[in-house]
Amino acid sequence: MAKHRGRGVATINYPIGMNLGGDPSQALVHSNPTGKFTVTLSSIDLGQGMKSVTRQICAETLGVPVDDVYVDTADSDTGPHCMGSFASRGTHRVGNAVMAAAREARAVMMEAAAEELEVDPGDLETDGRGNIQVKGAPHRSISVRDVAIAAQFRQGKTISGRGIFLVPLSDVDPETGEMSPATCYAHACLVAEVEVDDETGEVAVLKMTSAYEIGRAINPKLVEQQLVGGSWMGMSHALYETPEPYYPNTRDGPRDFNEYLMPGPGDICPHDIIVLERPAPDGPFGAKGPGEMCANPVLPAVANAIYNAVGVRIDELPITPEKVLRALKARGGAPGSGRAR
Amino acid sequence: MSVTVKTFARLNEAASALSSERGAQFLGGGTLVMRAVNEADPSVATVIRSTDPGLQHLAVSSGRVELGAGVTMAAVLAERELAFLHPVARAVGGPAIRQAATVGGNLFAPSPYGDFAAALLALDATVMLAGGFGQRELPIEELLHRRERGNTLVSGVAFKRPAADSFRFSKVTRVHPKGISVLSIAAQLPMTSGRVAGARIAYGAMGQTPLRAKAAERALEGRALDADGIAPALAVAADGTSPVDDPIASAWWRREILPVHLRRLLLGAAHT
Amino acid sequence: MLEFRKDIFADERDDNLKEVGQPTQRQDMLGHVTGTSPYYDDHRFANLLHLKILRSPYAHARIRSIDDAAAARAPGVKRIIRAADVPVNLNTLLSLIQFGKDDEPSLASDVVRYKGEPILGVVATSERAALEALALVRVSYEQLPAVFDVEEALKPGAVSVNAVYPKNTFEYYGKYDHQKLRFGDVEAAFKQADAVLEDRYQMSPIEHAPAETNGSIAVPDTNGRVSVYTSTQALFFSLDTSAKINALPSNQLHFIGGTVGGGFGGKVDTMTEPLVILAARLTGAPVRYRFSRHEEMQFGSPRGAERIYIKDGVMKDGRIVARQVRAYFDSGAYTRLSSYAVVKCVAHIPGPYTIPNVHADVFCVFTNRTPATAMRGFGVTALDFALECQMDKDAVAIGMDPLEFRILNAYRDGDMKAHRRQAKNCALIECAQVVAEKASWPLRDEFRRMSSRQGGGEHRTGAAAERTRAPAPAVPAATPRPAPASPQRVSYERPAAAASPSAPPPTQAPAGSTHGAPRFSSVFGTRRR
Amino acid sequence: MKTPIQFQLNGEDVATFAESGANLLDVLREAVGDLSVKGGCWQGTCGTCTVLIDGAPRVSCVTLAETCAGKSIETAAGLRRGADLHPLQVAFVERFAAQCGYCTPGMLMAAKALLDRNPNPTRADVVDAIGGNICRCTGYEPIIQAVLDASRSNERRRA
């Protein structure tokens, strides 16, 4: 038996938000009478962290601690319209809408504070710890709590804001395909190292090294969740998954998790990830969206690594051991060893 | 209507109920029958179960092993004397499934399930049947041959304890640690003066039921377990098998890799 | 496991932030680890009824007759739901943004077009009672020939899958059977290329397999409204689709969701809400419609299969001078979102590279299989697989390191893309450089020095400058540089001779193009150029 | 036909009625109201509904409810001691070992079954212990790390 190692690489980019735009999201932000804020959305958190990312964006924009913000998602009676959680649009589209709403709320908050401190709103700043102070004179400050009480009970102001973010819809030229698909793109490069068993066609992914450029990591732990989980899904797409194992023939479709193949906890590999941040001009604090693109570079990187290991090209997904073995037999076995790289 | 569940203190009562009731199924660990019940499978109108302590019977002597049909994979793993079967029991599902999956149930698990049954086939197990008219025994081959006919209630299995290090098992899966079989191979390889004497080799997922590799057994007789010695056996490894395409693997791939994994098993490079 | 390279692009960032950039704990984590996060099925209602669906056993058949009398009399059955009960029994998801024609019934009445297509529903006091009643329904089918291969489906005389699109292709701009991309002149460039490589790529369908299957619960509310607890990924998408199919004003529906057990694109299609709302209104009781795992795997829409042909023209010096793509999206029996994926795919061609001549034709094709939908990386995942495998083959063909080959062709700020917009905010090269460093993948100095910024650094300056005279599809010239010593390394000189005299593409869309996109904008008003 | 059934749930006596042939998952959720147990397949193939019965991990969707009469059942709802999180819950939080959170209760119970039996597991032990539990979000690594962390915190407490 011979096992061959090889490395493969892929570089990709990914458009943020619905192609062509035209996918709005709205947000509402308001303070309760004691200076704690609620963000109201109809957006969905399906694990990607919508609630957490918008919470941090709102806190940063308002200038208050993240603990003073709570995000309420997905009630159509209270949350304003959002196109939905797909197309890596959550952080960029919803984040921008929340930012706009938070800016509007912050303006009212600063006015109310200015009235209490008898200064011009322009002379005030937030300290991020729940206080508003005069620039250069931090001893002249008032807590957000007292501002909210004053606004509600004395000034009759509502510390609240509305926000919408819309990338206007692009036209498409039917003859040339001229269009504006997206306003920003995330980027990635991934190197996969595999081991191929030339007697069975079985492929093991031994290591992944990647870099993802995502504009701005609003929360590095949530970014890590997406990139680690997403690269696992990429490995799964590359080597295991399909509900139609004999496509285009529809027979023998899996009906359960024993028959639908995905890598188990015993099939995963170490993965070194580097994150780059080149802020998107129209992203919230420059953020793009890591959610969808992270699986994409794994598929071709694994395919190219298999070629590097045993010299066969598998151009059909998933790259099952059967396909590898058939290709190896067709070319009369694997070369001596994987090309050094 | 909801299914009827009938519980019997004694297995032979359960056996007669099983043979008399229409659409009755015996509940082992539940991994097969409860799934069918959840899916409202019309072939399961009545679920028969028994609290007979004999189902949990587990006896290991120097010469003989007896396992009640209700003994779970977890129970096998908990028995140090059955270390040679641990790789087999561990190959059945995750820990939670092993707590449920039984020796008896595995005998009826449709391909590609039934890795433990393949091991029992290699061990030349005798199957005890419970019936209204008391116990009957039959060779495991016979049970596997007629199991589709249903209404058979197994009370337990017994087999000669294999000589030390003479039993080997290998399961090929796509998913680790828990995956169902591409194929599995169980082999009992008694050696006399460095030569194989009376090998029994069984495959899982290479046919409708676990089956013997009779050609390979014959080819191994009197041979040493080295590259040259096993070559004739590998050449006929797939004889008599009838693997099918399923969501896990194609018949072609199963046939292609069977000799490879048989070689690795015979040369001692088994992986489970 | 995760490291940041804050030094790169630092000059473009203000890192003086308090909350953004912090590894703050997820707001929902406590709920997750205590098992108290409220998924749609964690809401409890007295006397909950259960909806189960009869599905077609055939990929293509005419329904002769349906006899559900026995099912209606079965124990626990409260209501049979037939196609005739569905107020608006034809819809397409993107009708919300006026893209495409209504082509999919909620319940099939005359013809079934894929194995598993819903035909009839049973509402009963338990899931089991509903399933047992379904087993009593007798349907008489006349089996019809079916087509499963995208290219077979496009041949003359092929079986017609979907009556709304009889030619088996989605209709773009009211007249085209596919989406085009035309930039420069690929044929001229192929003639001059040192190497031309063509290959075929195929991705099978992929199931989202979320831990929680699709489902929803509809509860008749006071004052005639219906509250819907749902696993949807797009609350208003599902609300408006359900309102349309049930012919209800949207404010009669109250959708509650937002905590979902995984989606990955598989919970956008609104597969359960319209019928569960109908069931609740017809019975006046709360009703749950929860996909079984088997339904989720085989009959809930997957990421559709794609077949992609790529033809590349490459110069010995490493430049890709032409890329032609022909791709077929297997939409299954109905459109759902594949029509949109096709446009997104075209927008992604030729990948993150600057290629002066690009030509693409991408088809959304109907076949007799489960309708496809969006999934993580939608419209791009399979294309990236094909493009990046092709890039590897190109590099091998001209004896160049595959990573250096990518860096050389990578798009830089200011480059003109095939869809006629200037590239900006690029970072592909930097990603490649840091990975090469981390994985000890040897890169020569000039490639380590290259940059995504305007000009792209080093010898790309001339190239990028040339390119920015938009639109300039002709192969750009580069500042000549001496060939490196290494024999198997190729020269990066760009002889002017390599410039292809291809016709510049129009900078504007034909005046008054009044199809397709305008239909979008009639809803959304403003348009971008 | 409903049959009465009694068992202990997270230390409390529970008496309820189970539909004949009902699985434990449906009884816990629909009859008893313990919603911390999630259902993923009702086929015994995803491990999402894992609970402990007399200390052993079981897939509740293929466990006949009436076989649990008189037994002691543990679910994720019982992990917490008052306001204090179980060391496994703490470790899952610290490792960000949940995204959609749907498989998390089952993962926690599969992991608890391991640590109760083997306080100092190897990585391979952890991989085997969660081998029957499908997670579609995390790629498993954070979960494996969390379980290993929890075992170390066990050690700390014993020390």
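We call the chains A, B, C and D, going by the order they appear; numbering starts again at 1 in every chain.
Quick note on the criterion: a contact is a pair of C-beta atoms (placed from the backbone, for glycine too) under 8 Å apart; a residue touches a chain by one contact, two chains touch by 3 or more.
Quick caveat, the model's predicted, so the values are computed rather than measured.
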Subunit A to subunit B, fewest steps along touching chains: 1
Maximum centroid distance from subunit D, chain identifier (CA atoms): C
Between the pairs C-D and A-C, the one where more C-beta pairs touch: A-C
Subunit C and subunit D, separation of their C-alpha mean positions in angstrom: 36
Where subunit A and subunit C are represented by their mean Cα positions, the distance between them in whole Å: 16
CA centroid of subunit A to CA centroid of subunit D, Å: 30
Where subunit B and subunit C are represented by their mean Cα positions, the distance between them in whole Å: 44
Residue list for subunit C, restricted to those that touch at least two other chains: 1, 25-26, 28, 126, 209-210, 259-264, 292-294
Residues within subunit D bordering two or more other chains: 19, 40-43, 45-46, 96, 99-101, 127-128, 130-131, 134, 136-137, 141
Where subunit B touches two or more other chains, by residue: 2, 39, 176-178
Subunit D residues within the subunit B interface of the complex: 1, 3, 19-23, 42-44, 47, 50, 53, 56-59, 61-64, 66-67, 110, 113-114, 127-133
Touch list for subunit A against partner subunit B, complex: 1, 199-201, 240, 245-246, 251-254, 258-267, 320-322, 325
Complex contacts: residues of subunit C adjacent to subunit D: 1, 25-26, 28-37, 39, 41-42, 44, 126, 208-213, 259-264, 292-294
Residue ranges of subunit C touching subunit B (in the complex, touch as defined): 75, 126-128, 131-132, 135, 292, 294
Contact footprint of subunit C on subunit D as seen in their complex: 19, 33, 35-43, 45-46, 48, 75-77, 79-80, 85, 89, 92-93, 96, 98-105, 108, 134-137, 141
